[in-house]
Every structure is written in C-alpha cells, then in structure tokens.
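Take a look at the structures listed below.
Look at the two complexes coming up: chain A is in both, with chain B in one and chain C in the other.
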Partner chain A sequence: MTARRLDHVLLLVGFLALWQLLHWAVGPDVVASPAATIVRAGALLGTPAFWGHINATLTAFALASVISIVGGIALGLWLGLRRFAGDVADPILGTLYSIPKITLYPIILLMFGLGVSAKIAFGVIHGIFPIAIFAMNAVRNVAPVFRRTARVMRLSPLATAATVMAPAALPEILAGIRVGVALTLLGTLIGELFAATSGLGFVLIRAMDVHAVVDILAITLLLFCFAACVNASLRLVERWARHGG
Partner chain B sequence: MTKVGAARTTFIVLVFAALELLCRLGVIPRVTMIPPSEMIASLWTILASGKFNSDIFFTLYNIVAAAILATVLGFFIGAGLHALPRLRRPLVPLMSAYYAVPTFVFYPLLIVAFGVGRTALIVMGAMFGIVAMIVNTTLGLDHVPPAVDRTAAILRLDRWRALVLVRLPAAAPHLVTGLKLAVAYSVIGIVAGEFILATAGIGKRIAFSYDNFDNRTMYGMLLLLLIGVMIVNGALSAWEKRLHRRFGQQ
Partner chain C sequence: MAASGQISLRGVTKVFPGHDGHPDVHALGPVDLDIAAGEFFSVVGPSGCGKSTLLDILSGLSIATAGTATFDDKPLAGEVPDGIGAVFQQDASFFWLNVWDNVAFGLRRRGVGAPEVARRVDQALAFMGLTGFARAYPAQLSGGMRQRVCIARTLVLEPKVLLLDEPFGALDQQTRLLMGDELLRIWRETGATVVLITHALDEAAMLSDRVAVMSARPGRFIDIVTTGWPRTRDSRIVSDARFGAVTARLWEKLREESLRAMGVAAPHQDQRQE
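Presenting the complex of A and B:
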C-alpha cells in the first residue's frame, strides 16, 4: 500500500518536472509553468463568477448523464433481450458510437439553438450509444445456464430480471456507464465550446480567443482532476458490483 | 441477403425516407436541415466539380499523418508501460479520464508553437489519438497467453524478437482496436482544430459554410466526412473482428 502510494507521488513529481521542463523549453506563450497554473486554478476557484460557470456545466452534465444512462440502459436492455432486434441494431449502434460527433455540431446548433439544450443534446449523443452497447452486450453475455436455472426454479419474469439477470449483467452495465459518463462530459464541454453562453467550455473558448495560456491550462487541469475523480469513483462502484454484489 | 441484413437495410431506408418527408413537408425547416436527397446531390456536385479537392486532400493527409504518429508512438509507449507496471498502475485512471476532457483546447497553444497550418493540426490529432493506442497496446500485451510467452522462452528468443515475432501477433486483436480508435480520435482532433482555426480542410469548409448559412455546402461536406469515417471504421472493425475470432479464444 505504501509502495503504491509512493508510486503515485513519484508519478506526480515526474509529471510536474516534465511540465516545468516543457515550459522552459517552449516558453510561457505556449505552456505556462505548473506553479503559475496551479496558483491561477486556486484563484479561479476563489471567484464567485467562476463557480457560476462550474454550476452551469455541472447542471448540464448531470442532466445529460441522466438522459444518457436511462435512455442507454433502456435501449440496451430491450435490444439485449430481443435477439433479432439486437442483431439488426448492433452495427448501427457501433457506427453511431464511432462517428466523430463533433462534426454534428452545426446540426445540433441549428436544431437546438444556442444554450443549455444544445449542450445537453451534445452530451447525450456522446454518452448514450456506448451505454446502450455495453448494456446490450451485458444482457446477451449472461451465461445461458443462469437463465435455464431461473426457468427450472420457475421464477416469474420479474423475479428473473431482479434476482438473476440484473446481478449478472450489472458489472458490464456499470462499465458502460463509466465510459458513457466520461464521453458525456466531453460532449457537454464540446457543446459549451461551440454553443454556450455560460459554463467552463465557454470560459475556455473565451480564454482561447484572447490567448490566456494560464487560464486555458488552469481550467483544463481542473476539468481533468474532476474527470479523474468521477472516473475513479465509478470504478470503485464497478469493483463493488463485481465482487461484493 | 440474410433476414437480419434485410431488416437493417429496411430500417435505415425508412429512417432516411421519413427524414426526407419531414424536410419536404417543411416540418423540419430548410434552415435547419436540407432533405437527404439534396445532401447527396450537393456532395455529388462538390466531388464532380472538384472545387473543394484541395480541402479534402488537406484533411485526408493530416488524418493519415496523425494516425500514423499516434499508432507508432502509442505502440512503443504502451509496450514500455507494459514493461513498467509500477509506472503504469497510477497512470491507468488518468488515461481513462483523458477522453472526458476536450484536449483540443490546447490547439491555440499548438498554433503559437507551430504556426497556423499542417503541423499544429497533425500534432493535435496525434495527441488526441495516442492515448487510445497506448491503452490498447498495454491491454493487448496483458492478453498474451502465458503459454505463448513460455514457448518464446523455450525457443530462446531475445526480448526484441519475442516481442515482434510472438507477442505482437498474439496481441494483434487489441492492437487493431487501438489503431481503429486512434484513427477515430485523430479525426476528432483534426476536425475540431479545423473548426477552430485553419487555412483549409473539410472542417474549415463546414464551419465557413455554417457561418454563411450555406446549408447545401455544409451538409454535402458533412456527408462526405461521415461517409469517409464510416468506410474506414467499418473496414477496421471487420479486420478487428476477424483477428478476434482467430486469436480471441485462447
């Protein structure tokens, strides 16, 4: 445990050292120093206006996540249980998952206008497909022996779903949620970059316009820490479902 | 055609027919979307006239260059990380958070470093694609069956030859997954860069026509980009599936 913690500290130190070297190599116009970035991040976190933008992003991100998760799981479960529909939809979902959604931003803007709904829509089109694909495969990959056992025990469809299918499929569904939520955040932020009047993406694009290097790095650093925390906590939930559930 | 294939084709045709109808009836206004048939016609005009050929080849060249950079560098970094588990373990959660943040916000910094042009876009695309390749290389090397490793040891292959002759083919399915994702993410990075600031390119053309309410050109170019991505992705997916069938069962 202590060795592992030491590795983390070493990694952090190494990362900061590399960053500082890069800063010295290319100059402050391209990469701000880590110290300046961290100080700026702290200063930003102390301003109420910045918290307004954080709130705007978090609200959109939360709504987009809920829509992606509920919609994706519903779609995935349905397609997983109907083999034929699943076979028909599988490559379509794969294609929708893989197309670069950023190219669709003009369409989303034309459909939803500038504002909250556009960035939520952008988050959802990024997040919903991986969640649906993982959920569909999760249901399909439940060992047939489980289903047969449920039938032997004469469980009702509801009881089968609740006591057999759900626990068996849960870890993979959660893995899908982890992937999907990360992409939802990406989508929401892209939406804010191109289509918003508030939020962290909006602050970023403004910083990009005036070439505020320290701001760009500070906000990206904060976003990255946030994304890593969300990811790590979803990973914990997943591990719990795999072993303890 | 199989029953599944027929059903899929019918479904896709119906979706486009519905879209066409909604556009023609004016339920979806023209300023929002033009009918799919007009998108195809517009794409045809663009390709036949060749007026955007330089943009198309500009983007194509950038994508190929970025994907090659991301795949090659990503492979070597991934192989290195695989050999250094102590470095890799703390990096895993960071790498899976990488794609939650739009890394292309660094694009303006790259412009300062490299100027507006090819280089900044290619570096951007490679930066976005490389992590997918690193992750999948490490995963692929994880999945090399111990028996294969032992065979390499028995044959007394040195490290380098064991990697190239034995472990690489055994890891191939994951490496192709990495390649597929690296290409997809390179496209995102480059198109995003072209949206933000570029002298040429498909993304630049789309953004320009969007700003000028030129929906015909915009949807034509969008269609071109999406079709291109789907063809490449479909081909790589098919290759990936074949490799998984061949090597996946151990």
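Presenting the complex of A and C:
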C-alpha cells in the first residue's frame, strides 16, 4: 500500500514539474504557473459569488446524473431482458452514443431555453446512452450457468431476478455508471460553456473572454480535481461490487 | 433410503426444432435407462453426442420430446423436483457472496430458519474442507476450490440425486483425481445417487458402478459396462489390472463413435442422415 501511495506522490510531483516547465517554455500569458494557479483557486474558493457558480454546476450535474442513471438503467435492463428489442436497439444506441452531441446543441437550446434545464438536458444526452449500453450488456452477459443454477434451486422468476441476475449484472452496470457520470459532467459543462448565465463553465468562458489566464487554469484545476474525486469514489463502489472478481 | 433417488427413462427422445430453414436436430434417443437408488452411474460419449441434453432431462430442466422420464416414480416435466441437485462444468459460484453465504443461499431461499442454516452450512463446509475459507470470496479461490463451493452449495440441500455435468472438466489432472476421491467419499457418506457426465474415460471407469457409452448424435447407449468395484474404492484403483480391462472396453466402443462424430469414418451413416 505504501508503494502505491509513493507512486501517487511521484505522479503528482512529475505532473507539477511538467506544468512548471510548460509555464517557463510558453510564458505566463499562455500557461500560468502551478503556484499562482493554486493560490488563485484558493482565493476563488473564498468568494461567495464563486460558490454560487459551483452550486449551479453541481445542481445541474447532480440532476443530470440522476436522470442519466435511472433512465439509462431502466432502458438498459428492459433492452437486456428482451432479446429482440435489444438486437434492434443495439446499433441505434451505439450510433447515439458515438455522434458528436455538440451538433444537437442548437436544438436542445431551442427546446429548453437558456437555463438550468438546457444544461441538464445536455448532460443527460451525454450520460444516458453509455449507461444504457453497459446495463443492456450486463444483463445479456450474465453467465447462463447462473440462470441454470437458479432453476435447479427452484427459484421463482422474481427471486432469480432479484437474488441472482441483479447481483451478477451489478459490476458491469456500475462500470457504465462511472463512464456515464463522467460524460454527464462533460455534457453539463459544455452546456454551460455555450449558453448559460451561471455555473463553472460560464465562469470559465468569461475568463477566456477577458484573457484571465490564471482564472482559466484555476477553474480547470478545480474541475479536474472534482472529476477525479467522483471517478475515484465510483471506482471504489465498483470494486466492492466485484469482490475481487 | 430404499427406492429413493431412482431414475427411469423409457423411450426418451429429444429433438430441437430447426430455426430459419435449418432442419430439426435429433439430439437424443430413444433411450431406456434405469438408474438404481444409491448407484454411481457415469455417461461417456463423444463431443456433441447429447450428454448434456440427457442431463437436462434427468434434472427436469428440459422436457423430452417423446417418451417418459421419472424420478422416484414421479414424472420429470420441465421443472426441477425437490431432491435433485446439479453441479455444472462452468464456475457457478456466486462471486458477490462469500463462501459461507454461497453455501447458505439455497437454504435461505427455501425459508429454512437461521440456526438450522448455520448448522447445516457449517457441516457442509467442514465436509468439503472449506471451513477455513468461509469468509473468502470466490475470486480469492482456485478453480478446484470454487467447484467445491458449488458442490457444498448443492449437498447442503441434501439431494437424493446428484447430477454432475463434467464438473472437473476445467481442472488439472491431479486435482481431477483428488476431486474424484472426494466425490466417492460424498457418494458413500450421503447415500445419494450420483450421475456423472464426463468425456474422461479414466474418470468414469475409476468412479462408477456402471458406465454408459453414448453414440454420436442422435445419442443412444451403445454399451453399458458394469465395473464391479467395491463400494470403498478410491483413485488407487487405477493401478488395478481390472481397471485397464474396463477402460480398454470403454475406449474400444468410444473410439468408433468419436471417429464417426468427427466425420472420419462411416460415410454410409452420414449419407443416410442426409
């Protein structure tokens, strides 16, 4: 465990060193120094107005995540249990997942207007498809021997679903949630970058407009840390569900 | 114990209907078979000969297209009756449960009370040499140990008939021999009827009271060999001269069928099928 912690520290030091070198190479007008960025990030976190933006982003992200997860799992389970529907939906979902969603932005904006709902909608269209695809495959890929075992143990269909199929599919579903939530955050932020009046994406684009280099990097750093924390916690949940498998 | 765990097949046939213009597949039969209560019965045959189809019918997982299958004089009809347990080749241990909870699973689903569950699970774990691994998860165990967990999970339900579909197929040779000894011990101590499906001749010859040799598809019994081993046998029987005679006879029958299954011999047979 200590060796792994050392790896993390080395990685962090190496990252900061590269950043510092980049700062020296291209100059403070393009990349602010790590020290200046960290100081600025601390200062931003001490500003009530900035917390208002954080709050706006987190609210949109949380709602978009909940909709993506609930909708994606429901869709994925339904398609996974109905082989024919799944066969039909599989290529459609794959296409929806891979199209650049940014092209849909004008439509989303016209449908939802310049507010929190457009951000949420944009987050959801990024997150829901990967979660649905993972959930569908999770159900389809449950080892047939588990189903046979359930039948030999004379389990009812409901008991089979609840006590065998669900736990067997859970790790894959959680992997989908991890990927989907990361993309939901991306979608929410993109929504804020293009058309919003609050949120971290909005602050970021405003900082770009006035060429506030330190602000840009400070916000990016905070977003980076937040995304890494979300990902790490979801990975922990996933590892628990796999029990080392 | 008498007349409990007895299985009879009369004219059992299985035909899988063809899909998308493919012809029907005649997988099995017709076969007649009586497996006595408390017998150790094995079935060997070439790949794809319908061994697993036979097991599905014996367990009640699948219904015969024609003929009747009975377990203790009650018909087997598409549902697994109480008293039949099955262990498969693929790892079926539940990775989300530790060993103790895996073994307790079936008892809990049947609504057995907690103290009784604890007593029977602890007993089954001790019986299978798993006591020290009660809190381990399957991912932490070897393939052989995981198969022990599956066997313990089945035994704890006290089946009268234990069906084994190539349970040691994924294990290495030494482990297979030792698991074979383990199986003989289980068979002796529980008094259950054991039906073992395998492609390993030596395994079948070493373990069984009787060994049925199946033909290439559609699967039929072309020979049933009685070994005559004492009830207290173990894997050391492989050094007995009679063991050689039994395996030789099995191989002689099986060689022909395996070649036919591979499409090497008996071209007339193939033409007739078309």
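Convention: the second predicted complex is superposed on the first by the 243 of 245 C-alpha atoms of A that agree within 3 Å, B and C clash if a C-alpha of one lies under 4 Å from a C-alpha of the other, contacts with A are read in each partner's own complex, and residues count from 1 in each chain.
What we mean here is this: contacts are C-beta pairs under 8 Å (C-beta built on N, C-alpha and C of every residue); 3 or more make two chains touch, one makes a residue touch a chain.
Note that the coordinates shown come from a computational prediction; the quantities given were computed from them, not determined experimentally.
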Discussion item. What does the overlay on chain A give for chain B and chain C, a clash or a fit?
Written reply: fit
Discussion item. Just to be sure I read the superposition right, which of the two partners does A:G115 touch: chain B = first, chain C = second, or both, or neither?
Written reply: neither
Item to complete: Classify the contacts of A:R242 with the two partner chains as first (chain B alone), second (chain C alone), both, or neither.
Response: second
Worksheet item: At the CA centre of chain A, how far apart in angle are the CA centres of chain B and chain C, to the nearest 10 degrees?
Response: 90
Discussion item. Taking the superposition on A as described, I'd like to know which of chain B and chain C A:G71 touches: first, second, both or neither.
Written reply: neither
Worksheet item: Is chain A touched at more residues by chain B or by chain C?
Response: B
Worksheet item: Does chain B (first) or chain C (second) touch A:Y105, or do both, or does neither?
Response: first
Worksheet item: Does the superposition put A:L223 against chain B (first), chain C (second), both, or neither?
Response: first
Worksheet, complete the sentence: Once both structures are superposed, the least CA distance from chain B to chain C in Å comes to 10
Discussion item. Give the list of chain A residues in touch with chain B in this complex.
Written reply: 4, 7-8, 11, 26, 29-31, 84, 87-89, 91-92, 94-95, 98-100, 102-107, 109-111, 178, 181-183, 185-186, 189-190, 193-194, 201, 204, 208, 211, 213, 216, 219-220, 223-224, 227-228, 230-232, 235
Response to the item:
Listed in rising order, chain A residues that touch chain C in their complex are 143-146, 148-149, 151-155, 159, 163-164, 167-168, 170, 241-245
Discussion item. So in the complex, the part of chain B that touches chain A is made up of which residues?
Written reply: 3-4, 7-8, 11-12, 31-33, 86-87, 89-91, 93-94, 96-97, 99-103, 105-110, 112-113, 180, 184, 187-188, 191-192, 195-196, 203, 206-207, 210, 218, 222, 225-226, 229-230, 233-234, 237
Worksheet item: In their complex, what parts of chain C are in touch with chain A?
Response: 59, 61, 79-80, 82, 84-86, 88, 90-92, 94-98, 105-106, 109, 137-140, 154, 157
